[in-house]
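One structure is given below, encoded as structure tokens.
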Amino acid sequence: MGPLSGQGTIWLALLIAAPLAAALLSVVSGRYARPVALASIALMLSLSGILVTLVAQGPLRIAVGGWSAPLGIALAADGLSAGFVAVTAVVMGIVMLSALPQFAPRGDGETGESRAGYAFWPLAFFLWAALNAIFLSGDLFNLYVALELLTLAAIGLVAIEGKAETIAAALRYALFALFGSLAYLLGAVFLYAAYGTLDMALLAEIAEADGATIAAGALMTAGLAAKTALFPFHAWLPPAHSGAPAPASAILSGLVPKASFYIAVRLWFDVLPGAAGEIMPVVLGALGTLAIVYGSLLAMRQERLKLIVAYSTVAQIGYLFLIFPLAGGSADPQPWAAGAWTGAMFHAFSHAAAKASMFLSAGLFLHAVGHDRIDGLKGIARHMPMTAFAFALASVTLMGLPPSGGFTAKYLLLTASFAGGQEIWSAAMILGGLMAALYLFRPLGRAFSRAGEGAARPAPVSRLLQLAPLALACLSILIGIASAGPYDFLQIGRPVSAEEGLE
Amino acid sequence: MILDAVTILLTGAGIVFFVAGTAGLLRFPDTHSRLHALTKADNLGLGLIVLGLIFQANALSLAVKLVLIWGLAVLAAATISQLIARAALPDEIKRLMRGERR
Amino acid sequence: MSGWYFALASVLLATIAGALLRVHRGPDAADRMMSAQLVGTGGIGVLMLLAAASENWAILDVALVLALLAAFASVAFVKAASSDGAGDPEEDAEDRRRS
Amino acid sequence: MMAVVFDVLLCALILVVALAAVSGRALFPAVVFFIVYGLLVAIAWVRLDAVDVALAEAAIGAGLTGILLVGATARLRRMEVPEAETGTSAARIATGIGCAMFAAMIGLGLLSLEPRGTGLAPVVAENLAGAGVANPVTAVLLNFRAYDTLLESIVLLVALVGVWSLAEDRHWGGHPGLRQHARTDGVLAAFGRILPPVGLMIGVYIVWTGSKQPGGAFQGGTVLAAVWLLVVMAGLVEAPRSDGRLLRIGLVAGPAIFLAVGFAGALGGTFLGLPAAHAGNLILLIETALALSIVLTLGLLVAGPPQRKAGTEDGA
Amino acid sequence: MIELLATRAALFGLCGAALIGIGIYGFVAHAHLLRRLVAFNVIGSGIFLLFGATGLRRVAFGADPVPQALIITGIVVAFSATALAVAMITRLAMLSGEARLPEERPGGAPGGER
């Protein structure tokens, strides 16, 4: 353990304990949602900032309970985990602030609670705690419990509207997600049976590339892919993400799938880098490509803004999985792997901000017009220039245009694919960018067009609320403009396999 | 040794009652006679097993626990059989439980 | 001794299988419910025999829990299936007599 | 030798019952078979020298899940929800073959697996002295891997918030389920009066005994939750309003105290660290609080979303 | 004695593997959500049984308490998910009169295209 470990303990503990405490408080009473949320968001932002400064000096690793692995559970933070924790904090913070008016405690009962106004806050804080727990965990079974926590909280958020469609969407999500959990668990069981430990660092040292290990990894990856909504496990995502209220959708689409993707990356790059083989990365890359094409095609056909944004998530998740073929597939060192690995992370970060922004914008449009059919958006840019601008900025990121974070991501991924002689994947990326431009232009074009004759006047939307999507969209651009900082930060404690590629 | 013999005798007898109860369950023609035979048989069988095992228990607490288990099982069986048999099964339950025949 | 206990426990399992046949066949509600009850009692017996066979008396606690909870699922069904979904068959029987 | 015969019989029975539970046409028999399945799996855990797990399976699998599924089945039938299945038999056979192959692969993988290392049994035994409890499973749950257990107690709460949020807006804060009633001098009410004192004793005993032998907060808490539900079903007490302040505090007490102890440890340099000298007492404190929260959470999870305001019969 | 223990571990492990297969069959074969939930629980307990059996594989060291603790955690987590799912299924049935997903009802809309 490094000299920082004692100091790191409190901050790592707080990053998990603080959102849990906030959630427990909001379980006890819904009346104080506003002060609890404000205080917790401020605290979490500072804690994440502290984590970033600590990790900047070197990776952290602590043994929970003082029991070192394999007996106990380790918490670990490197550049990647701290990056995810920080992006989560910013996105969650902004989204939850913007949710304050919608989920205000304004019931008429003696407790001053309303159903959705009560349930949103504990679910959101539990979800935040689960995300941090996942990003900081160093143990495969602990990840399973945290993943279940995340899933149940996310299911609750999908169903929070309480309508038949949203409950059906939540149940469909539950079927995929629970099945995914079981597959993940089965793989973890096999790894424990073979190696007698669930600690990821220890496993990395002793795991071999035998059949059982590869099968275990494949099972876990399949489960995680189902939770990430990778094609062909995507069917649950659009109805779930488009049916939830906008702040919930922003969290669900921007952050939740990234957690299971993060575990898949950890699994192959940190735990089993020698077992990836040649087939698995190509299969994942192919599924990612199919996701890009299929998700984009369906996004083009939607008439409702939230569905376009949701199908776009299906497509954007595809890019993430290109990390596997681009950074692996050969036993020889692959110097471009570092670029591919970092590029995928840039994509995860900027998509998180951009997609959260888009769902918040969509929610505001919906509020203003009363529905989210894109025909109703005609001329909306005049009434809500800030939100329309935010939507446009976020679109720039999704299309991968400079100077956005999406551009940096695609630039890194494309460079890696050319350097590695795997041009086929770059075709998928370029096609995906074009299709994104097509499906995003439909709502954008209408928003910035002249309003038709006799169009109903949209309801006013507070300026303060319009700031939230704008801030998130700016963040997604900023990740691109100031990409050097995050780029260097991500290299802290980066696994060797992210430098030389999977074997 | 004698204790072991007693245990073997009693537990063996207990099992005989269980077997008889199941045979009745499978062969008696109508529901009510099945119910009647069965509840008695398995409660008695379990009682004999408990009695047999008490001779093996080397602590009073174990003997108490064994008797408690038997008491609870008998109470449960009695409650359920009364709820079903005495209160003449409502049509609702019949319909609900025969649902697979629809 | 342990061989004897296991032999008895095996026979008990066989009787459980017989009771399950009745659960499968029905035909009456009472048959299914009571057969499930017999399975529960048999399981309790099996656990007690296993406790004696391995002289691990902590196993009795499992039997204790099963015995305690044996009737709960049946109670839940009887209640949920009563005329208003929350009553009890005895009340229903009374109501029928009255009307 | 007889032991092997018994084990083979048990496994065969488990498989047959599982098949009956998933493959039959009707819902209710499937649920009955699933309850029986829970009971048989509990016996299997005993045979795997895992009495702690057997207790959990008996209490949850054969107990609470039974109440939950049976109640749901009856409610669906009351609403006349259709049950007919659509799949063709050819598709079913193909699915069956695929699943059999998958199971065979898992089985082969298991048999071919060469276990490396010693597993954690010796490591646990080595550190048991400083763990504060003598039961190794409890030591793992509440000390060595206490962090998992903390998150697990949170998972229960998340599920409960999710269940509550399925209420109708107008019922928010009300009582869950229907107003239960039973003939005052009837069998059901009598059962609901006789059993709880015994059940309370057994539940508390299982929580308390967990530090030395199989048992613990989850197993005991589940038993107590089931007993609570029985008292409610017998119409003797009402399920509480979901907005009761005391109830809410009880729900979070366990995780909150767990978290507080863990964070106090972090201030001392070790997150969730329990000093060996006080580990026993701290675990007792955490287990007691956890058991309380588990009883309330599990009971309310089974009871379902708020369905009516005080005293009304307003249900489905 | 040790061989016997290893046989037992293999036997119950295989039983767990078979349960996983049976559960997946039920999960795929049924559209009724409560049936799928039962199947989900069968898969879960199959995995747990497999896990518990592997805990006996290193026979020289006795039953491994760590899998047992993890399984207890897993059982509680699976129950939480089951309870939430049951509540959602009953609510869906109340609102729509069906305990199946829309696209799996005869003549229902395909998923996500609404």
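Some points to look at:
For reference, chains read A, B, C, D and E in written order, and residue numbers begin at 1 within each chain.
The rule we apply is simple: a contact is a pair of C-beta atoms (placed from the backbone, for glycine too) under 8 Å apart; a residue touches a chain by one contact, two chains touch by 3 or more.
Predicted, not measured: the structure shown is a model, and the values here were computed from it.
In the absence of chain D, the touching network of the other chains comes apart as A, E | B, C.
Common partners of chain B and chain C, by the touch rule above, are D. With steps allowed only between chains in touch, the distance from chain A over to chain E comes to 1. With respect to chain A, maximal separation of chain centres occurs for B (centres as means of Cα atoms). For the pairs A-D and D-E, the larger set of C-beta contacts lies at D-E. Between chain D and chain E the centroid-to-centroid distance comes to 14 Å (mean Cα coordinates, whole Å). Inter-chain spacing, taken between the CA centroids of chain C and chain E, is 23 Å. Taking each chain's centre as the mean of its C-alpha atoms, chain C lies 19 Å from chain D.
Centre-to-centre, using mean CA coordinates, chain A is 56 Å away from chain B. Multi-chain contact residues, meaning those touching two or more other chains, occur in chain A at positions 141, 145, 148, 152, 155-156, 159, 162, 167, 186, 193, 196. Shared interface positions of chain B, i.e. residues touching 2 or more other chains, are given as 68, 72, 75, 79, 83, 86-87, 96-97, 101. In chain C, the residues that reach two or more other chains under the touch definition are 4, 26, 32, 40, 61, 64, 68, 71, 75, 77-78, 81, 88, 90.
Those chain pairs judged to touch are A-D, A-E, B-C, B-D, C-D, D-E. Only residues 2-4, 6-7, 9-10, 13-14, 16-17, 20, 23-24, 26, 32, 36, 39-40, 43, 46-47, 50, 53, 56, 58-59, 61-62, 64-66, 68-69, 71-73, 75-81, 84-88, 90-91, 94 of chain C touch chain D when the two sit together in their complex. Chain D makes touch with chain A in their complex at residues 105-106, 109-110, 112-120, 123-124, 127, 143-148, 151-152, 154-155, 157-159, 161-162, 164-169, 172-173, 243, 245, 248-249, 251-252, 255-256, 259, 262-263, 265-267, 269-274. On the chain E side of its complex with chain A, the touching residues are 20, 27, 33, 36, 40, 43-44, 47, 50-51, 54, 57-58, 66-67, 70, 73-74, 77, 80-81, 84-85, 88-89, 91-92, 95-96, 101-102, 111-112, 114.
Per the touch definition, chain A reaches chain E in the complex via residues 141, 144-145, 148, 151-152, 155-156, 159, 162-165, 167-168, 170-172, 174-175, 178-179, 182, 185-186, 189, 192-193, 196, 235-239, 298.
Of all residues in chain D, only 1-3, 5-6, 9-10, 13, 16-17, 20, 29, 32-33, 35-36, 39-40, 42-43, 46-47, 51, 54-55, 58-59, 62-63, 66-67, 70-71, 73-75, 77-78, 177-183, 186-189, 191, 195, 198-199, 202, 206, 209, 213-215, 219, 223, 226-227, 229-230, 233-235, 315-316 touch chain C in the complex they form.
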